[in-house]
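In the two assemblies presented below, chain A is common to both, partnered first by chain B and then by chain C.
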Partner chain A sequence: MIRRGLFFTGLLLMLIGMSLPADEPHEGTLVLVSVADLGDGQLTPNQLRRAFLGIPVLVNGENIRALRNTSDPLLNEIFLQKVVYMSEPRYKRQLVSRTFRTGQMHPPDFKVQDDLVHALKSVPGGVSVMWERDANKDPALHVIQVLWKGRPR
Partner chain B sequence: MQRSRPIQTLLALLAGMLFPLPALAEGELLLFPELLFEHEQDNSLDDAELTPSLDFFGTARRGRLRLLGEVFVSDDEFDVERLKLGYAFSPGTVVWAGRVHNPLGYWISQYHHGNYLQASISRPEVARFEDDGGLFPNHIIGVLLDTTYTSGNHAFDYSLLAGTGPELRAGNNAELHFAGLSNVGDGKHKLNITGRFAYRPDSASDNQFGLFASYVKIPVTKAIYDTLKLTIAGVFSSWQLADLTFTGALYLVKDELSDGAVKDDGDFASGYVQADYLALEVWTPYARLEHSYGDNNDPYIELMTDFVPKRQVLGMRWDFTPRQALKLEYSRNHAHSKTFGQTFLSWSAAFP
Partner chain C sequence: MKKFFSTLAGRIAIAALFLFLVMVPLLFGGVLYLVKKNYESQFIDHVRNDAYQLASISQWGSGFERLGNELEEALLSGHIAFSRIVDSKGYLIIAGRQVRQAPSFEEDFFFGQAEDRFYQIAVPLFDASSERIGELQLGYDETPTRMQTRQTYRSGHYLMLGFIAVIFFITMLLGRQFANPMHQLSEASRKIAQGDYDARLQVRTNISEIKNLAKSLDHMRNELVQKNNEMQHLAQHDHLTGLPNRVLLHKRVDAALKGARGEDHSMAFLLIDLDRFKEVNDTLGHLTGDAVLRLAAERIHSCVRETDTAARLGGDEFALLLPATSGGSAEAIARLVSERLQEDFNVKDHQFKLGASIGIALYPEHGDSYERILHCADIAMYAAKRKGDGAVTWYPELETMS
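After this line comes the complex of A and B, so read on.
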């Protein structure tokens, strides 16, 4: 009787295990970070989008300069969907078009996160997006606001 | 050809601003190459034209100083289209001096000479460049104020330009000739004033509508007239609804040709509406309608014989890589003397 119970419990656990995806992604939190102290100032979705399109944005007297983080493909995908609301090709075309029209610089692109952190520390008003767990590793970085929280699909 | 010492000096300044870079780039270079095949209906294929061109763009900044240049090179053209030095009074307000594009309407302020950036191959007739037979001054040497005022999510863009207008050389192929950067004193050039205003309900978007007005007095040579006065006013809009974009502009023009004793005047309206639809991120079918009113017997239009008052355009754009596009376009053109079809095929790109 006990042997049969153990058999069915084992079978049940095996079936439950098989029904779960092999690589269930962990929950992540995407944050906006800066070395600058923006006070209690948070950026509105419109200001965020403008900053990452290279359009001048002023928050609490500080000229915001957005730096793009492309070190992680998943982070980049969430950034495109939740911050600039457009696909990569469309975003890049907008940046080229805006620079060509106005002469404004587009946000520089960092493929290595250490380089991004270094730039954030040297550029006045520099902001970027980062996983919260990475931002917490460096005490010089302030988390300005949470941009997205969830389990990537 | 318009190469000169002032241009070389400004290009050297651009290089100087670009190369001693700090942690972040303070300058950008863009290249827009294009290969354009053009065939007019009823002509033999031997008469078709294949034109390679390259639009070279550079911009740099140091502190509040800005420098921007655009040079267009093709097999028969080397033109400095824009070369201007700017001072930013604030991040949204820049005063530029040098060779600038006249902010007349929407198309030129949006695409300049970067054909890759526009959905279509051809430009609307009212946005045709003056050195290509266009009706209106596009290249001005002067002072341009560009400012954007943002309130909440709304943005208000203002441009104000004062500078030297072109000279009209009449004759068999009447054409407006803009002042050269190296020889501003050559030819006759008078004041051109233009104002433009645009409202964008979402300051992070390019959706907009606006107004513009311009006045220019143009000396005329090789004709019975010696002066042309052009007063231009109009409206424009560009609106994107999901993947569908509408762009349009209407120009109202009053022209007066005189030589002291004789005076002929007229007025006409000309405009266009273009729709393009981005499908599957890479395919963009588009259509454009152009129409003019009151152009018959207008004295200025009678001089500008290349003007096409009515046109229908159909085309397809294929972005086969993120920075390269192939476009195919057919247009039906209704000029005063004839109606003809034109087929264009182009490859264009933006690098890097």
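After this line comes the complex of A and C, so read on.
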């Protein structure tokens, strides 16, 4: 009897918990990060777009090599809207098309952020996008510029 | 309806329907979802690219004037619902709208993110020296894409229902093609079980398994017919002489009496008892006795017409049924039989003479039933036996009459 009462109380609390509104999303800042020191020169929107489309970009004598961060769906969509100005399927088509045309490798894709950080440390001139709070966790990463700041809906 | 669903066709139709009710919505649902995603992706692609192209106008060095003109054109063409240009300090410089009221700006990153039917996007504006001079805020109407998706879903649902209906119809037809020959087979089996072996089993189908089953059933029917005929023959004929036995004789007498009554004919019945057969049997053995009986049967049978019946009643007793026969003809046949049985018997190197005592009874004079006629012929035969030496005797009443 007591067990049944506890079970129903638990179920009721769970339902109440589920019906409560979810937490408001925190404000986020999407930043461009790199291990390399690119001086104080920021990348123009055009340079950024070209870099993430796999086109060679030179900044302060450093050959920029873009690395994709697909560890977070929201981050990925903001990146697509703010950096490459395309939808995901078209961006992929563009990368594949370029690879076929030029034979060059397109920016590698990282689904796990730790792997991305490891790649940024090992690839010379490697840049990627990341939430600022994640970038601040690793002192080796330099924030080059802020790409977007806001509270996602 | 309940009867239909208990048939093979019904069951197949239900199984197909159930399968398709599960599989088809999954398939169509999956395809429709992909189509919807594709529409949304196309919309987002258009929005992001269009916003980027418009924002890039500011880099041509004409300030916001050229961009403002382009935005006006875009608003007139209707693919942008509202637009705003704000400077780097956040002050609104130019605003335009195609809708009654533009919502407060909140950027979207997914299709249908907010329930405001607008996809809102912000693009930074730079001058020719790549200095940030402000932000372009645009609102694109999601309604056409939503309508397109809805229309696709509606068409998809109609197609799905049509597909299920066609599949159901085809399955029913196939089920019937399967069930009809099975039903015919079942009917044929029932007829065979009831003893109706005559109808040849015919099933119209091109399904080889059912054809084979029908062939097997027909083969079984043929075997049954053959066995049945054999059994019937054994049940109605004497095993030793091959002549009809008492059972068949009874039937034939009944049939002959019926015929005689209908056509007003007379009918004769002769009862024949072999003389001295017991002595032969006792002295020369049963095998010789059997051979004598076979020979006697052949001789008796050779004296009668095709329409007559020669039967063995048992032991050394035989009977002759002579339909449509007068008393005179019956007596003539009786004398012929008597003469033939008085001829020498040569069996297994033994030669001996037998004879026969024959009693005659007539329809309608002596009786009008098998039992009565047999009884009268029996009495006449015993009277002949008493006379001895191949006597032919009428039923006593007639004898006294004659």
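As a convention for this text, the second predicted complex is superposed on the first by the 130 of 153 C-alpha atoms of A that agree within 3 Å, B and C clash if a C-alpha of one lies under 4 Å from a C-alpha of the other, contacts with A are read in each partner's own complex, and residues count from 1 in each chain.
In the analysis below, a residue touches a chain if its C-beta (ideal position, glycine included) is under 8 Å from a C-beta of that chain, and two chains touch if they have at least 3 such contacts.
Computed from a predicted model, the values in this text were never measured in an experiment.
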| item | value |
| --- | --- |
| Partner chain in contact with A:89 - chain B first, chain C second, else both or neither | both |
| Which of chain B and chain C A:68 touches, first, second, both or neither | neither |
| Which partner reaches more residues of chain A (counting touched residues only), chain B or chain C | B |
| Partner chain in contact with A:152 - chain B first, chain C second, else both or neither | second |
| First (chain B), second (chain C), both or neither touched by A:97 | first |
| Touched partner set for A:77, first chain B, second chain C, both or neither | second |
| Chain B and chain C contact sites that coincide on chain A, given as residue numbers | 44, 87-90 |
| Residues of chain A that touch chain C when the two form their complex | 44-45, 74, 77-78, 80-81, 85-90, 150, 152-153 |
| Residue ranges of chain C touching chain A (in the complex, touch as defined) | 38, 41-42, 44-45, 48-49, 51-52, 106-110, 113-114, 121, 123-124, 126, 130 |
| Chain B-facing residues of chain A, complex | 44, 46, 49-50, 53, 55-56, 58, 63, 65, 67, 87-90, 92-94, 96-97, 99-103, 105-106, 108, 118-119, 122-123 |
| Interface residues, chain B side, partner chain A - complex | 22-28, 30, 57, 59, 61, 66, 68, 86, 91-92, 94, 109-110, 112, 114, 117, 146, 148, 153, 202-204, 206, 278, 281, 319, 322-323, 350 |
